[in-house]
Amino acid sequence: MLEVKDLRVNYKTQHGRPVTAVRGVSFTVPDHSFVGLVGESGCGKSTLGFAISRLLNVKRNEVSGYVQLNGKELLTMSDRELRKLRWSKIAIVLQGGMNAFNPVLKIKQQFMDVMRAHGKFRVQDMVERIGYLLEQVKLDREVMEAYPHELSGGMKQRVAIALSLVLEPELIILDEPTTALDVVVQRAIVDMLQDLQRRMKFSVLFISHDLGLVLEVAQRVMVMYAGDIIEDESADVLLKGGNHPYTKALLNCYGDPQSEEVRLVGIPGAPPDLSQPVVGCAFAPRCADAFAPCTLHQPPRVKTETGSICCHLYTEMKGGSKIGN
Amino acid sequence: MVDKPSLTSHHEDSTSVQLTEKVRKNPHFLSLLWANPKARIGIIMLCFFFAMAIFGPFVAPYSLADTNFPTSQTPSIVHWLGTTQSGQDVLTELLYGARISLFVGFVAGAIVILIAMFVGFVAGYFGGWIDDMLSLLMNVILVLPGLPLMILIAAYMPSHGIGEIILVMSITGWAFGGRSLRAQMLTMVQQDYVIAAKFAGERPLRIIFYEILPNMLSYIVANFFGAVVGAVLAEAGLEFLGLGNPSITSWGTMIYWAQSSDAMLSGQWAWILAPGLCIAGLAAALTFVNFGIDAVANPRLQGE
Amino acid sequence: MKYFMRKIVFFIVTIWIAITLNFILPRLMPGNPAQAMMSKFAQQGAITPSQEHALALMLGMPTGSLWTQYWQYLLHVCEGNFGVSYSFYPVKVITVIAGALPWTLTLVGLVTIIQFVVGTLLGVYAAWHRGRKFDSVATVLFSFTSAFPYFWIALLFIYLFGYILNWFPISGGYSGSLSPALNWSFVGSALYHSILPALTIFITGIGGSLLSMRNNMINTLGEDYILLGRAEGLSETVISIRYAARNALLPIVTNFAMTLGMVVGGSLLMETVFAYPGMGYLLSTALSNQDYPLLQALFLFITVSVLLANFAADIVYGFLDPRVRRGGAR
Amino acid sequence: MRRLKRNGMIVATLGVSLVALTGCGSNGNSATSPSPANTVNASQLVVGVDNGSPTFTDNFNPFAPGNRIGTSYIYEPLFFVNTINGKIDPWLATGYQWEGNKKLVLTIRSGVKWNDGTPFTAKDVAFTFDYLKQHPSLDWQGLWKVLQSVTTNGNQVVFTFNKPDVPAFYEIASTIIVPQHIWSKIAHPTKGLNSNPVGTGPYEVDTFTPYQYTLKRNPNYWQKGKVQVKKIVFPVLGNNQTAALNLSSGKWDWATLFLPNVKQTFVSKDPQYNQYWFPPGGIVALSLNLGKAPFNDVHFREALAYAINKTKIAQQAEDGYVATASQAGLVLPGQKQWLDSSLPNGGSYSYNLTKAKQILSQAGYHLNAQGQLVAPSGKSVSFSLEVPSGWSDWIQSAQIIQGNLKELGIQVNVSTPQYGSYSQSQAMGQYDAALTAYGGTATPFTSYDTLLNSKYTAPIGQNANADQERFNSAQTNQLLSSWRQATNQQIQLQDAYQIEKVMYQQLPVINLFYGATWSEFSSKKFVGWPSASNPYAPPAPYGQSPLMIMTHLRPQS
């Protein structure tokens, strides 16, 4: 189980103040669960994903907080330990997959590189395993002999998923895995992913800007805005409309995911400048329902029946109980 | 030369994207450049050389026409860098020489970049057979070894002077810039706003100059500086071989005179050392500025 | 295959253009080189008509229409017949060049390769440890050295190591008392004589390879597959070499022609300063003697050498980059 | 490159080929195993003169322009002509006699052998000249334009002329002689390499590598008692800079280089032995295109002669190694026996700016408001001055002239075209002004003839082989013709005096300074070098001087 507590990421810039891309985020990803993480471009969701897997550039980013995988603290772990743990416990699938493969190595070799980094395998066994995994993602075994440029975007994405499974990790973080693909391919991959997750019993943190897509596959969805998770709710609740005005607005953008009709309602305004301290609710300037406290105090995180939310409006109306500080 | 990476980043969340946006639109490009330590060294050095070219003649200890000093002197208090075989003060020559060296470098660089822009833009914008032909031409010129080609052309030139040197360098030097600007143009024409402008029926010239050019400025400047470096070094090489006009005073002709007057034999190390250092310094200054431009334009090179 | 065919066609077209350039240039410029040669022979006084006639007979002036001459010229080039050198008369140009080519090829070729390997490795190191002391010092230092004019460094070396300290010979390719042969004393002498020239190329050239490798490498380090490699828990060595350096090398191989062109150009000047018995020194003596047949042939040989090296680089590139080898788009 | 150094090389080439004709030999291979040279050997002379650029070709062919300088030590002429003073020493011929002015009889030395042991005879001499006739490309002097036949009569060779040409004697005298038994079998004299030369000279080829060759003494030499240097080593010269460094570091015993501040850079390195002598060997002059205004105005030329500071040029451009040149067109002091003593000031124009201005204003020139000189025609005077690219001392001279003439209000543009274009524009008369060299010949006749004889010139736009400044004077032509036909010394002298007057008064060219023969040598191993006090030969290691010098050198005791 992945447990994230008060995670903060500051980007250093050449000029002026650091930008706080992730502002004290806490959440958990339980075993065998499929969790979605959604938000607009620039909201910090990918940064969050990278921070969890400790892939951010140490020199340019300050990361603080706690990230624990099955009780082991990732952020302070030694490099050697971390390297061992990577991929065998926590794997990642990158956006688009276009550049996620070394262009000069065959697919097979890239699989083998990972396996060799984590143990001794006989070539024959490795080939067998790769073939099996490729079949799992509904690809031909022969694909292992191909170079990345010889594959289509959808194929590459499948290979990326197969690659993430090679050491049977407990958690897979998928960062916009389908963004560059067309809708049909996207659907096929998402379905396959869901199927794999159910069969192989790993956990998934699925990062995407496409709330509609996430709602279809995830059990639980976290909505991120301006570096913070503003709503963390079960998919069922969100499908009914959610509680946070931002979530609602996002849902409106995509229309009713269950209906054929798509209404595009843009959200006016732009996210705040994160190099300045945020006073009050970050979404307040764009929120149609904002009232006095919104611009003054940061809304506390309160529990809902199936999740949590940060919104004065909700607290006022439901009087939910605070979590944490 | 450094291969110019693409402007776009794959990590949307990274703030560097915002920086890149600033590069494109923010007028404070120079202040960003200044923030880069290497670029800062480069800019300071460059300012120094420009100051030398502008004010050199005013601060020079003697007049350039003054040829009545004892000849072939080694450095002394009176002549910091010694005197030449014809009784001129080496320091004075060095200060005056900055003008010609910078002039040749920057004029040749400007011509080179103009040709490169023209050919690169035409090839990249129009594509098709025009692109094929121009690309072939550029590749051919690129693989022909530059200096031997310059020597061959210069050898047949009836006379030698600044004009001829600039001409030779312009003929042979534009292909590198042309190729990289073409590549840049190729990615630019696929940008949405360019496609939109095309559909809106804007004329190619307008699209190139109003829509595309501003977004390519950092490339053009980098290529220009690269061309200047090439021109400064090539000028020195041609002058050294006696293919320039030795009656003018530039850093290249200074080395030419120093070696043809056996400066080494008479122990006048300063006469050889100083102009070479100036050439290297000028070229290095431009390279440093280019590092800075690169770093500002290319997020991956940042944060050093 | 299409890739290689294209490269071969390009190779041939470029050689043809170089040959044609060689033919056209002298004819575009005013003044008749052969005439110049004549007056040169008769420098101590003006040339008399009988001398002019004698010389014209001796040197063999081109005749016929421009097209005939061009056709003749092409044929001669194909036969390796570049005429007779003015300054080495009656030795054929091709013989003169055959004496110089090996020296340049060996020295410049070898040092360029060494310089490239060392520079590239240092570039990898600098990029991998970006921002650390080595990187900062190396980038600044090598930006300077790569801006040094070759001939200038060569002059300083001769003065310091040859004349003042007397550690190395001032000029030449080997000791005069030896005959070129494959024995230790000759090879040793040749190596000893090549140290300063080699050092010149090395010092001025290494910055270029280092800096371009460093920058490419930094670019490559920003690629997703590097990030993924880290996430996969691959070792530093595998990531830096197999993933980053291997890919960062590709654009450098593509730009080989330019790098090589610069090194060759610089080495030519270097040879002139050291009176090294190679193509560069030959070029500058041909230049000062107005030995046009030799000059033209030298340009052609240098061009063909660079082209061949470049062609080789293209082939290597084909093997290094599967996108080219396996019929991808490029 | 310093132009005069370069000139040295060219003279060397010329010396051999112009004069040449002789032959050489079969294709034996003399490049045997290399001897361990470079050890300090008191009996060998190391000569830094032959520029392989970059390496040597094994060619001792006296007819080929690109031959080895060592060729000069192997083949010999009929007479040794000292170009410094015109003195003639018998060499392969012992004497000569003019019978009228159309018949020359030479007596050939007996007891001379070719270095392959074959005796040398008058037949070889006649063969050599006939060989020139058969191969017009070898007849650089155009001797067969005036010769009718060359025949032998015992040990005599008879030259019959079809028209009188007494000065042709010098060309015949310096023609080098090749063996009939070798060259009669060679059909294309210039096309082959001659790596095993057969000559009568004091040396023969010992070893050869592309970087160095050595000559050893010819055991059959006819004056072998006089030849004491056992071995001569010719290393590759290299470029000017490295050559100067090598000379300065004492690696060579004899060289011909321009060195700046020679006392410090050469003599001081070994003051006991290191010496130099730079005797004048020609005249460097400002050539003005007489076919153009205002150069066709003798007053203008005279003003220029006064306004140019020749002393400064000699001091700065030539490091003070040379003297300013007499306007008479003679290389002094060597040719002083030809000088008309009535010429004022030895025929020299001294620097006098006031006088120059005065002459100009008397001739109707004036300065305009911008300070430019305006000719009587109303045109302001400015012109370009051409100097070959890379001849740095000439360029420097031109820059000084530029500064001098600025004082007169004349704008001079110094241009440095490639040599080819430079020589072409003079040949075609399409130039304003140029620096040029002439003179230094054994008899001043040859210099005057090529400089002044209008039969060689051509209208502007057409190729003139000589007289490129386009001087045209019937009186001068007449004087030259008279001189050409005169065997009588007095008549020759009278004609010379007249021509000197023309040179002095009409200034066809403006003489600047004497071009020097650069020569540095060390007396550490050998003494007996030529000097100003004993100018028995020009001190050059090329041309025919070595024959004379090698018979004068003796070991340092």
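Labels A, B, C and D are assigned to the chains in the order they are written; within every chain, residues are numbered from 1.
Rule of thumb we're sticking to: a contact is a pair of C-beta atoms (placed from the backbone, for glycine too) under 8 Å apart; a residue touches a chain by one contact, two chains touch by 3 or more.
Since we're looking at a predicted model, the values are computed, not measured.
Each step here moves to a touching chain, and the least such steps from chain A to chain D number 2.
Comparing the chain pairs B-C and A-C, the larger number of C-beta pairs in contact belongs to B-C. Note on chain placement: the centre of chain B and the centre of chain C lie 22 Å apart, centres being C-alpha means.
Note: centroid distance chain A to chain C, computed from Cα atoms, is 53 Å. Our note on geometry: chain C versus chain D, Cα centroid distance of 39 Å, whole angstroms. We define each chain's centre as the mean of its Cα atoms; on that basis chain B and chain D are separated by 47 Å.
Under the contact definition stated at the top, the residues of chain A that touch 2 or more other chains are 59, 95, 99.
Shown for chain D are the residues that touch two or more other chains, namely 1, 241, 245, 248, 390, 418, 421. Chain contacts: chain C has residues 30-31, 131, 155, 158, 163, 224, 272-273, 284, 288, 290 touching two or more partner chains. Taken in their complex, chain A has these residues touching chain C: 53, 55, 59, 82-88, 91-92, 94-95, 98-106, 113-114, 117-118, 147, 149-150.
Every residue of chain D that touches chain B in the complex is listed here, in rising order: 1-2, 240-241, 244-245, 248, 259-261, 264-265, 316-317, 319, 389-390, 392, 395-396, 398-399, 403, 414-418, 421. Across the complex, chain D meets chain C through its residues 1, 6-7, 10-11, 13-14, 17, 31, 33-38, 51-55, 57, 59, 61, 64-66, 136-142, 145, 190-193, 209-212, 233, 235-236, 238-239, 241-243, 245-246, 248-249, 282, 390, 418-421, 423-425, 427, 437-441, 446-447, 450-451, 456, 464-468.
Note for the complex: chain C touches chain B at residues 10, 13-14, 17-18, 21-22, 25-26, 28-31, 130-131, 135-136, 139-140, 143-153, 155-156, 158-159, 163, 211-212, 215-216, 218-219, 221-222, 224, 251, 255, 257-258, 260-262, 264-266, 268-269, 272-273, 283-284, 287-288, 290, 292, 295-296, 298-299, 302-303, 306-307, 310. Touching chain A in their complex are the following residues of chain C: 131, 223-225, 227-235, 238, 242-243, 246-247, 250, 320-323, 326, 328-329.
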